[in-house]
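You will see two complexes here that share chain A, one where it goes with chain B and one where it goes with chain C.
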Partner chain A sequence: MNPQNVRGLIGWVRRVFFGDPARRFAWVSLLLTLSLAVAPTKDFFRQSRQYQRQYSKVIERRPDARALRGRMVSGIHQIWLPDLGILDRCTTCHLGIAEPTLADASVPQPFRAHPPIPHDAEKWGCVVCHRGQGPATEVAEAHETTVAWEQPILPVHFIQASCGTCHLDDLPQAPQLDQGRQLLARFDCTGCHKIAGIDRPAMLGPDLTDIGTKVSREWLYKWLKEPRTIADANGNVTVDGIDFGEPRMPTFRLSDSELQDLSAYLSTRNAHPIRPYHFDPRIVASLSKRQDVADQGEARFRQMFCSTCHSLAVTRAGETSLIGGDIGPELTKIGSKVNPDWLAAWLRNPQEYLPHSQMPRYEWSDADLYEVTRYMETKLTDPDLLADVPKLGSPTKTEIEAGQRLFVDKGCASCHVTEGLSPQEDFGPDLSAIGSRNISQLDFGPAKVQPTLIAYLKSKISNPLSVNPSGRMPQYHLDQASLDAVTTALLSLTGPPSTRGMEKLIVARQNPEFHPAGEFGKLYERYKCYACHKFNGFGGTLAPDLSYEGSRATRQWLLQFMENPQTLRPTLVLRMPQFNMPERDAAVFADYFETAMQSPAVDATLDRKQFTPTMAAAGKQLYEKKYQCQACHTIGSAGGYVGPSLGNAGNWLTPGWIEAWLRNPQALVPGTIEPRQAFTADEIQALTAYLLTLKQSGPANGAAAAPSARGTK
Partner chain B sequence: MRAGALLFSAALGFAVLAGCARKSALVKFDPLQNAYDTEPDWNDAQRIIPLNYEEAQGKQIFYEQCVWCHADQTPAGPSNRSNVTPAPPLWNDGATLNSLSDAFLEKFTAQGGTAMGKSAMMPAYGQTLTPEEIRAVVAYARAIAVPALRATSRPGQK
Partner chain C sequence: MQKSLAAPTGTAIRNPIQALARWRDEFKEIFSARVRERQLGFRYTWYLGALTLGTFSIQLITGLLLMLYYHPSIPQGYADMKDLHFVVSSGVFLRNLHRWSAHAMVFLVFAHMAKVFYRGAYRPPRELNWVVGVCLLLLTLLASYTGYLLPWDQLSYWGTTVGSSIISSTPFIGEKLRFILLGGHTVNANALLRFYVLHVVILPLAVILLVAIHLWRLHKDGGMYVEHEKNVEKR
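And then the complex of A and B:
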């Protein structure tokens, strides 16, 4: 094209389009009108409209097409939650979420119905649980991370995090969240991090003020180096490891010189020397001659049910497993760990060494104490335990001083209280809003992971150095399920409620406490009843809830049981320990239960005399034929063991309790698995009469009152 | 002249449309990442079954209330199944449960064995569990069934 022609063309355009002001105006107006006409075209091609057209086709093929078509509204759908500051247009494309007939897998996404959940999806919308960008009407903008929106949708695998944003209380419907919260507490994350909803307990790791009186410098060296290496040949049993395979104490990646200094410092922590216990010399003289003193001790260890709280590694057929409970530390190699004088003093009064210890104070005879300590010192040992620890010798002043500095610098004092060093709080960052952190706020460091908050959290927890090679966070070892659970719990921490409206929705955590005063209160603390039993909502879950024990058990049975609990629960692995409780203590418990632990649903005035043998005979028929209670309960040796054995029900239970229990078990023990039956009043009377006739006599009460085969409730 | 104007406006329209069109990125779908909870196949621990919210709630209730008689392994050791005659069906027994409708299983659970002309050893749960909870336990059975229940042939599906 030559320049002359180009000039000619420009001249032509100028003449035709802009020849005079009227033409100019006309053309600009036309252009404006056309570009306005483009807007609806653009909307026509919007993804949400495509999905709406697709939905129309999908529902045409359904048997209930008419009804579905009638309910379908085209255009933008919007759910507005002003209380939460959430605007949600997800239902613009997810058109079938509230259509129960579109639930099956043959319906293509995004049109399938939402599975039933406790919150009405049409009222609450989607973003409140799934996160993502609510107002978006394009797939990528709504679901993924974009420049303008850093919070992508939460994979359903972690969705329980959203439950935890409002429900700060335990939530049985969200097991992964609950597990994660328990792990955050169990691994003492609150030692270094502030975590909303989890309070910092009075004691995290043990108080180390007098650790030098308990263990040797060599043991400390080994333990500090790698709490997991103190393990069996399979590498999966730890000393002091609460969980099978995972101790609560993490690994701190200490160098050899740091280990020397820290072990030197700790081994000199002995402000309160232990006073060795002086056994009765006659008992020592007679017992020490016996060959089987350790065996006797082992038998006593078993009889007392130490294993209810403490586990031991047991190797059977080449497989090592931990047998026993996890309330106290695992004891397989305790004899190679602790000083014998310390052990005897500890067993006599644990709270003298550790005021916060959950260990009950037992009533020991000298013979029992001697035998049990001999068993632990000679049988629960490992001669090779400290074989790979270098010769350390006595600590020097320089080592001790350097160790003290390390104790502070490494954050040991965050979990371990020691005299003279105030506990450090907030050693690590505050995690109360970690779940709403934007990706641009995260430092991934050298980690090669996807740029998402979930990948960051998982990488950081599984290997803290992966995102920050100079970080101070110690190394934990979590399996995949635990890692996901902890990640879920952290994702639920989205900071304080964003709006006043949200504040109203928060379901606060209940923290019931039960610390009665008086004589009972003292014994309750001494025997640490609440470590296993629940009282008015406070306490452990291992053993039955005792809130209404006074209504349930007869005084005679309570006295017998507390003086000699083991004969009453022979089928369980985890049983009430033998406290060797004096008679007067048992009487204090019985008095208190009778007075204070009463259920208003139980008629305490109900008299045994009003139940006749005729009623009992009818009750026996109901028990054996109509309701076949033997499916779950034993009498004697026949029957199932889901529920407690009822062979001694007549001695054990009060008539009022049996009657109220048959009416509504859940009213007495919320969550009990005994199903409530539609018994008539006559049937309740007959069954009560029959159960009251079931009595075993003599000291061998047999399987009388094993509360349940599950051993946990 | 008219053709030029038409061309011009058409070009403008395409430019605007091209600016707006965005590739529709497909959200990657991993069934396990999109499951509320999971459960290993009782007969094959390697196969992990995804559970939705309702099935997951059913699993929770099952492991509290039902596992003692409807499974051979329980969280607290051996099961009570051998003490119950006739032996109750395992909860993943598709061969037995697949042919029964949801409505039947829900009614059986709520009213107990006697009301359905079966063993009285199955107690009634209608006063202990809500209808939603019973439905969830049935949904859980459907999810873990071996042989699997075909989704479209789920009997009594409402």
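And then the complex of A and C:
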């Protein structure tokens, strides 16, 4: 086509379309009309209408099409909760959300019914749990991060975070959230960060005022460099993760000179020197001659059930694992760590060195103490522990001063106290609203991750340097499940409630304290009962709740048990330690339990005499035949190991407790796995009578069994 | 010009029909009694004044419709934006039309002023109309600025924060001015309400009034300015 033709064509077009004012006007009007028609057209073909048409087709193929069609309303749907400030239009497209017949997987999304949850969607809306943009009626706007909305849908894997925005208390239905919160507390995240719902405990890390009397400078150097010491032949850390073995101390990235300065500063913290304990010379003389004194100590260590709180590394078939509890630190290499004088003083009275320690104060005979300390000093050692520590020598003044500065700068003072330095709070950023942080507020730094809050949190926790190479946060070592749990717990921190209605929904964390006064109170603190047991909602979860112990156990049994704890559940590894409690202390406990720890649901006046042998015989039939209790409980050597052994139930339990327990076990111990059976009154009477007849001859049985039965976890 | 029904000048009009007729004539007289074809051509004015008036009338119509959906309160203001976006039929169109036409109006006002300036059309006898026009420019900018806060999103919040801080740097009375504008010391619910009232009542009324004066003066000053008056006379 030559240029002349082109010009001719253009001229023709101009003449035909814009030749005179009338044509011009006509064409401009037509163009304007068309452009104005765009808006209503877009309106007509909006996404929600397409979904509603699609839904109509889907329900036509269902057997209950008629009913479904009857309930389907076209147009914009919304759940409006003015109190909560919630306006959700999700149901505009998610039309089958409340249709129970659309629950199966054959129903395409977004029409499937919501799986059953404890909350009613009509009452709560959708975004309160799922996040995203409620008012939106377009998929991208509702679900994803857009320019005008930075809070995307929360992936289902982390949905428990939403439970945590209102339920500040523990929530058994949200295990991932609970685990994450426990980890936040366990790793002392509150040392540096403000985290709503987790209080700063009285003691985060140990008080270091006298750390110089406990460990050497070389050990401090090693510990500060890498607190994890359980390694295989190649030097790789084998015991990792948080369930067991991970020290609560994270790994700080310290240079060699920083390590020298800090170890110098800490090794000179020794204001209160240890007074060496003078063992009875006759006992030392007689024991030190024996070859097996350490073995004796080991036996004693096991008998006293130190392993309930402390773990030891055991290598079996080339695989190292830790055996024991995680309330106290792992002790595999304790002999290479602490000063022997300090160890003896500590075992005799832990609170003298560390007032906030959870370690109970045992009653020691000189022989026991000598044997156990010898065991720990000679067997629980590692000669190579300090092999890679350079020659440090005695600390110089410059080093000590630099160390003190580092102690503050590196955040040590956030968790640890030393004399002259009070703990510093808010060393790290406030995390109270981290879960609602917008993406534009996050600094991803050099991290190559997706631009989402979840990816940011995971990257930051698993390697703090990934998002901020000059950050001060230390390195933690978490496995994938724990990382997800911590992320979930952090996502639940969305700041203070935005509306009055939300405020009303908050289920506050219960923080009951139970520190009774008097004689019992002193012993309670001495033996640290609450480290494992719960009392009126306060205390640990390792051991049974003792809030109603006075209603449950007979006085005689309590006295015997505390002097010589024998397990009721032979399969457990973690058992009550043997405190070598004097009779007087046991009596104080028994008195207190009998008076104060009573359940109103238990009839304490019930007398053993009113249960006859005939009833007991009927009860035996019910136990063995009708209800087959032996599936879970042992009597003697026969039966299951799910519930406690009932061989000594007659001596152990009170008639009132048995009777109330059979009526409703969950009323006495919430969440117990004992099934609630529909016993008749006669059956309860018969079973109670039978259980009361079950008596073992004496405490000797259990005592003999306890030390030998060692399980592994 | 037809003046048969019009009452003699200077006498009070009592007959409503006469009054209407007078009105009609007044409207006709937006243009001068004698209008030359060249004055109406595209070359001299590029129709900038008329286009500005056109965008302003779009603003009035769409603005009135938007007022049906908007509450000047926190956080409802933002929720209303969402409603306009997601629920109101053609709500996005309505809002965007208002917004783009506002941008166009600011641009056209500037262009109109530049055209008048570079052609020297501000010279006597049109000097008063130039002053009125400058006032209209300021009112247009103010209307645009007050409308910016109303969506109550991050952009508008910070835009207003910055803008009001600029106002507070006026010598001597800066802080007072800012306080009067915001109804307080920070951009909050009071500021939103004040900006709303300014945007939908005070400024539009002022613009309408000044536009009326502008057109009246246009008529009185001999219509659109055309260069080379002698040449025009010859035709």
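Operating definition for what follows: the second predicted complex is superposed on the first by the 637 of 713 C-alpha atoms of A that agree within 3 Å, B and C clash if a C-alpha of one lies under 4 Å from a C-alpha of the other, contacts with A are read in each partner's own complex, and residues count from 1 in each chain.
Keep in mind that, in the parts below, contacts are C-beta pairs under 8 Å (C-beta built on N, C-alpha and C of every residue); 3 or more make two chains touch, one makes a residue touch a chain.
Just so it is clear, the model here is predicted, and its values are computed rather than measured.
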item: Room on chain A for both chain B and chain C (clash or fit); value: fit
item: First (chain B), second (chain C), both or neither touched by A:Ile76; value: second
item: Chain B, chain C and vertex chain A (Cα centres) - angle in steps of 10°; value: 80
item: Contact breadth on chain A, by residue count: chain C or chain B; value: B
item: Which of chain B and chain C A:Arg676 touches, first, second, both or neither; value: first
item: Touched partner set for A:Glu138, first chain B, second chain C, both or neither; value: both
item: First, second, both or neither for A:Pro516, with chain B first and chain C second; value: neither
item: First, second, both or neither for A:Arg89, with chain B first and chain C second; value: second
item: First (chain B), second (chain C), both or neither touched by A:Pro474; value: neither
item: Touched partner set for A:Gly501, first chain B, second chain C, both or neither; value: neither
item: Which superposed partner A:Phe45 touches (first chain B, second chain C, both, neither); value: first
item: Least Cα gap, in Å, left between chain B and chain C after the two complexes are fitted on chain A; value: 8
item: Common interface residues of chain A - those touching chain B in one complex and chain C in the other; value: 38, 42, 138
item: For the chain C and chain A complex, residues of the former touching the latter; value: 75, 79, 82-83, 85-87, 89-90, 92-93, 153
item: Residue numbers on chain A that touch chain C, as the complex places them; value: 38-40, 42-43, 76, 85, 87, 89, 133, 135-138, 141, 148
item: Chain A - residues contacting chain B, complex; value: 16, 27, 30-31, 34-35, 38, 41-42, 45, 47, 100, 103-106, 115-117, 138-140, 143-144, 153, 155-157, 159-160, 172-173, 175-176, 625-628, 631-632, 639-642, 666, 671, 673, 675-678, 709-712
item: Parts of chain B lying in touch with chain A, wherever the complex brings them together; value: 1, 5, 9, 12-13, 16-17, 20-27, 30, 32-37, 52-57, 60, 64-65, 68-69, 74-77, 80, 83-84, 114, 119-125, 127-128, 132, 135, 151-152, 154, 157-158
